[in-house]
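Structures given as structure tokens follow.
After this come two complexes, each holding chain A, first together with chain B and then together with chain C.
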Partner chain A sequence: MADREINRRMLELAGFEKDELEAILPDWLMTVERVGLTDEDVRVAVEEYIPKNWDIKYLGVRKMIGAYLREMIDIAKTKEMKENGTKLLYGILPAVATTYSAYKKAGGDDIFVSFPDLMLVTILNGFFHQAAPYLYEAEEQGFTYGCRHCPLNKMRVGALTKGLLAIPDVIWSWGFNCDEGPKTDEMIQCMLNEEWKYIVSRIPHDTYFGQPDDEESRITYLSKVLKEGMDEINDIIGITPSQDDLKAAIAEANRYTFKIGQMVSLVCKSDPVPLGGNTLTQFQQALCVPFNKGLTHIEEALDIMIKELKEAIKKGEGVLPKGAPKVGSYFVPFCIPWIDRLFRENGVATTFSQTLTPSKSQMTPSKYKDDPYMSIAEQWLKMPLGQNMGYEVASMVEKVKANKPDGMLMGFFDFDRWLGAHQKMCATLVENETGVPHYYMESDFWDDRDYSEEALRTRIESISQLLCIRKEME
Partner chain B sequence: MREIMQELEKLAKARVPELQRAKKSGKPVIEYTGNFIPEEMIRAAGAETYLMCRGGEPEPTDAVLDYMLRFMNPLARSMAGFMELGLDPVTPIVDLLVTQQTDNHVGRISELLEFKKVNLCKVGVPADWEKEIAFEYYVESLQKMVAMVEKITGKPVDMELAAKNMKVSNQINEGLRKLNSLRTKENPPIGLTEMIRLHHLSFIVDPSVMVQKLEELYEKLKDAEGKFEAKAPRILFVGHALAIGDYTVPRLVESSGGCIVAEMLDEGVRAIEKDVETDGDLLRNFAKNRYRDKTPINIFQPAWKQRFDHIKELIKEYQVDGVIWYQLSFDEIYDMEYSCLARWMEEMNMPILKMESSYEYSREAMGPLTTRIESYVESLKEGK
Partner chain C sequence: MGNRDVFECFLDYFLIEEKGVYMPLLKKACAAWNIREEELQNVIQVRMQQYHRTDHQAMRKVLALYLKEWLYIEALKENSEQMKIYFNVPGAMCAMYWIKQSLDCNAYLGTPDLITMVVLYGILGRKTKMETNGCRHCAVNVMRLLLRTEQQIPEPDIRCTFGLVCDEAPKQDLLIEMTESETTHFYIHSPVRGRDEKLYLERQVEDMIKKIATKYHVLFDEKEYWKIKNVRFNLSAKIDQIIQFISRSKSFLLSNADIGLLETLLLASFQTDMNEIVLMLDDLYHEIRHTSGKEIKYKFCIYYTPVCNPQYGRIMEENGIALLYQTAFVSNAVYTGSYRVTEDIAAECCGMIITKSVYEEADKISDVICRRRFDGLLLGMFTFDRWMGAQQNLLKTLVEKKTGKRVYIYETDFWNQEIFSPERMYAMVETWTEMLEEEKSETRSIITDRKPVPGMPAEAAGPIYRRKR
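Coming up: the complex of A and B.
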């Protein structure tokens, strides 16, 4: 039986208090056992890992951690949920959360929605540094170590074969970016369990350099693909989101996007920088990942965070002294939170992520308000993640100009043949356009087994020194 | 056989200078990748065509690393790598490079080619191939390609000529199928070393000449003696691609006493399973042939069970003793398929050897590679 005291401290750290804490404690104790977190793992997280790597002086950060922990509790209950007739709908990254949120709105407690692999890696590595056992398990099952597969897909396999994750009623695999994500479901079905039912939706990467991906013809095609996918899901699970559910999900996503934009702007335009890039990106993730609890808890945390940021800015408080250089990233690796810390230890603050910071185009109201499928397709095609390099670079340039970093950090996606492949070229193009220096680090966003703190320290120190020297010269 | 091969090699050698002359004389030159592109129609619009599928050399794969992630498969990296090193005499002079957009490796390398100012046409090939909407997407992509080609050549596709070209392609396929039928013999007169080269030559040499030479070759070989040792283990060769220039592994297998009787590859070979219908809408017929009528390529979804069924058919038809899985390094989707296939092969009690290639065939690499292959062939011999 897990130790109540250390786990109570974990929940306190995550912003739970009083009756709410006592009510959730039994579920949390069940979760740590099922997930395989020992008392020592939790102690290290509470006393060392989280305080060292996350800005927990802010209640917003702690509540954000709490919102994620609630999701892991639900994942740990998926087997009981299934036995009790709750429909399980899984998905994979990258996606937009809207369609899944619509299912949640339609099904309420009768449906569980999650990207469980993403949630597990985010939580287990981001807060406990303990995703590795699942990744090793997947490697034993045939996800070979040497081929550089995606840790998220490994987690999906590992969590299933270790018995944590229930087989879903259906998993909807968006292959709008990624080849390996959807094929993982085929692999599971072929090799591990034939009952693993999936629906795959794809669109080829065939737009030209600089061509807008969100052209009407492409939006129309994708909206049909999405509708077909949803029709199939409706048949399987017997829950059909209404037009109102879809519109409500879109409105909710727009509201959250707006708040994210506000938070990024507050952080990037302040000197000293009041908050690290880890937290910014961890909040941003809710734009493309559904929470089974909906946005209730994460949005509450975000509201608190924005309020706390405004107060910190007013007081002139920062994570580093005024004048410290700021670095933006292609994607701040929040699952490996010590990277943010290493930069900070070297006098550099990490700030926004290119990929999840909304562009002006993303903040613009949809052209297709009356057609939710078109609107969701448009929402996806405006996400830089899936765009051709030229179009993505245009939005990267826009964000660099808006957020004025002293340098940009690229890399961390060495396992990803889409998101990781082109970053060296992007670096050249954006640097030429903005004059902001770009640095490339080969590493893994989700999993640090191959890139330890010591292995990356020298590179981070060098980049930081360069940034500090440049800043001083300015 | 040697004489015919030499004749074909000579003709192939003349192809690049021929393209250079054509370009000088103002005739458009259009390069293309893979089996999802109807080069017969491009020719019928008045362009010279050339297949981009070179590989087997490590330097071009390294040459793109300033721009590209290193964990991309070497075939995709070679697409830009030869040009980067100045070793590609064709791509820099082409008016258009038509690429089939099947996976992320090709997708991102295509962007590198755009970055290098190569004029590209991208044909979208959705992986969810069983859906009607996806098939229509592919057809529409082909229609857009035709429009781009016609703009470059300044002429519409001559559909009569296109149908004629397609018929000749079907004849080439028939020639290769007939040669394959000889590989069912107890001791085949031809192995993969020659067959793969014939596939490659068929993309380069004048198609009508190729038809004739394949027929001649069949006539010579149909009653010829086998080229392998008696009772040599019969091997099925499965993988992504054997590129033009990537001949080391099949040659080593066959020189180590293995007899490769059949292959299942997604690229670098002609799609010979079924011919394209030449009556009616040729473009749709072509699309149907490539997208729906043949064994799905690895990236299609679902695919692996159908591919396994096809492998089982080949094992039976060619009386296979063992399988070699030839994987390009960092080809993640093939790596996943292998895990499934290895499990299924084990259930069938069929030996399988996984070989990975980064196109690194240095002296240091060849030793262990030869030993692995020899050991496998020996174990198959013992099993027999």
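Coming up: the complex of A and C.
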């Protein structure tokens, strides 16, 4: 039986209080047991790992952690949910969360929506540094270590074969970036003898370098792909989101996007920088990952965070002294939060992520307000992640110019055949266009089994020194 | 060799007669790739005898086919007028030949990445490893990029990128697009699976053909396509005839590496006329009918014999294992006679068994193993590949269950020898053959009645035998 005291402290740290804490404690104790977190793992998280790596002086950050923990509690209950007739709809990254939100609005408690692999890696590695057992498990199942498969795909396999995750009614397997995710689902289906139902939706990726991906004909095509996917899901689970559900989900996503834009702008334009890139990116993730609890808790945390940021800025408080250089990233590796800390220890603040920071075009109201499928497809094709490199680089340049970092940090996806080489080339193109120096680090965004703090410290120290010298010279 | 020029000896060895053409090209290629004369000497004095049956004149000509194709790349660099069409593999071969023929019979149509890999690593035995920067990218993709960034091949007029298995190649070629501002790029890959896949691919092919026709003001004659299809069929039938003949033989009439190169003729395109290649293979067929070789003890299917690493096949041969059937080339595409050309091209693209789910793949492979009575299957040469790597354990389980035959996995890299250790592989294969030998002797001594498993072909059930006490 998990120790109540240390787990109570964990929940307190995550922003739970009084009755709410007492009510959720039994579920949390069940969760830590099922997930395989020991009392010592929780103690290390509460006393060392989270305080060292996250800005928990802000209630907004703690509440954000709480919103994620709620999702892990639900994931740990998927087997009971299934037994009780709740429909399980999973998905994978990258995606837009809007369609899932619409299903949640239509089905309420009769449906569970999540990207469980992503949630588990984010929570287990981001807050507990404990995703490794699931990744080892997947490697035992054939996802050989030497092949450097994406840890998210490994987590999906590992969480299933370790018995944590229930088999869903259906998984919407997006291959909007690369096709490794759908291939993994095909393999899981073969392993389980057809029980693992998956629907694949993909985009053609046949635009030329620099050609807009969000042209109307492409939006129309994708809207049909989305509708076809949803029709298939409706047939399987018997829940059909109405036009109003879809529109409400779009409106909710637009509202959240706007708030994210506001938070990024506050952080990037302030000196001293009031918040680290880990938190910033962790909040942004809700744009492309569905929360089974909806945006209720994460948005509450975001509202608190924005308020706290304004106060901190007014008081001139920051995570580092005024004048410290700041870096933007392709994608701040929040699953390995000690990287952010190493930069801070060397006098550099991490800030925005290229991938999840909305571009101007993303914040522009949709042209297709009356057609939710077109609107969602438009949302998707405006996301930099699915675009051809030339078009993505244009939005990257826009964000660098808007947020004015002293340097940009690329990398952490060298294992990824889609993003690995892509990022190296993007670095050169954006640097040429903006004059902002780009630095590249080879490591894994999700999984740090391959490298240690000490291994990266030297590289981070040298990048930081360069940035500090440049800043002083300015 | 005496005082004769190494380059001349090299061309003589491979029976390349047009020395006026190929001698300067060979010298340029050696300079471009930093290949020393001693290396060429080693190829013809040691390496060929080690890994290939070059006692067959026709096999030398097959090897020369690859060499000439590689050398031709040097000629391309100087010939700015010649139209150049590149594509990657696996691609829609008939479609590519049709495009070439419709545009200009003298156009260069090629897969320079594949040819360079086969020649540099397979035939010439280059030692330098390909750097994949820890990501273990497919080395043939890395080579395609290097050929352009290192200016080893000129910018093409047309580049067709196929992503029929995974989408790593199209993603990479988007990066190559940056270095090729004058090139017309086409991307053929299917974002859908199932019933719409063929239709989607057909639309992509139609679009490509239409754009080429408009841009270059050419007409595509459908009759020409069917002629190409017919010759390709002859080529494929001839390769199969040779392999079937070896499968019935008790000795190695060709080396495992040779068989791998024969199958690769279906994957790459050549400047040499396809009819000429068929005749060359016919000569080979007649030559091997009158020779013998080391004894074959076990006949195996293999996913694809690593043609860039002939040591692999050699170690198998030394242990009596013949690698006779490359399952990566199995296709479900059946010509019905009623297809439109573009429909046929799409059917060829989505009929490849390697593009299917592991279930379909296992069914088809099991069928081949049973029908042709192979002793088992070898996997493991694509462990670096995220599409094929992870599913090999599952494929093994499924095929073993369906056929009752042995499926062995030896983890290596088809293209790149970053992790290859001959000693380790030798030890592993020795263990397999000991196990196979033991099983064979048990089977010989105590065969009992077979009980077919419901739903499984009788020959697939294999002998059910009692264990020795």
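In this section, the second predicted complex is superposed on the first by the 472 of 474 C-alpha atoms of A that agree within 3 Å, B and C clash if a C-alpha of one lies under 4 Å from a C-alpha of the other, contacts with A are read in each partner's own complex, and residues count from 1 in each chain.
Going forward, a contact is a pair of C-beta atoms (placed from the backbone, for glycine too) under 8 Å apart; a residue touches a chain by one contact, two chains touch by 3 or more.
Note that the structure is a prediction, hence the values are computed from the model and not measured.
Partners chain B and chain C clash in the overlay (superposition on chain A). In the superposition on chain A, A:354 contacts neither chain B nor chain C.
Using the contact criterion defined above for the overlaid structures, shared-chain residue A:224 touches chain B, although it does not reach chain C.
By the touch criterion defined above, A:144 reaches both chain B and chain C.
Touch criterion met: A:175 reaches chain B and chain C at once. In the overlay built on the shared chain, the residue A:190 is in contact with chain B and with chain C.
When the two complexes are superposed on chain A, the residues of chain A that touch both chain B and chain C are 141-144, 147-149, 175, 178-180, 183-184, 186-187, 190-191, 200, 202-206, 208-209, 225, 388-389, 414-415, 417-418, 420-422, 425, 442. Those residues of chain C that touch chain A in the shared complex are 133-137, 166-168, 170-172, 174-175, 177-178, 185, 187, 189, 191-193, 204, 357-359, 383-387, 389-394, 398, 411, 419. Across the interface of their complex, chain B is touched by residues 141-144, 147-149, 175, 178-180, 182-184, 186-187, 190-191, 200-209, 221, 224-225, 228, 388-390, 413-415, 417-418, 420-425, 442 of chain A. Contacts from chain A toward chain C in the complex involve residues 141-144, 146-150, 175, 178-180, 183-184, 186-187, 189-191, 200, 202-206, 208-209, 225, 388-389, 414-418, 420-422, 425, 442. Listed in rising order, the residues of chain B touching chain A in the complex are 66-72, 101-105, 107-108, 111-112, 114-115, 120, 122-128, 131, 133-134, 137, 141, 299, 301-305, 329-333, 335-337, 339-340, 342-343.
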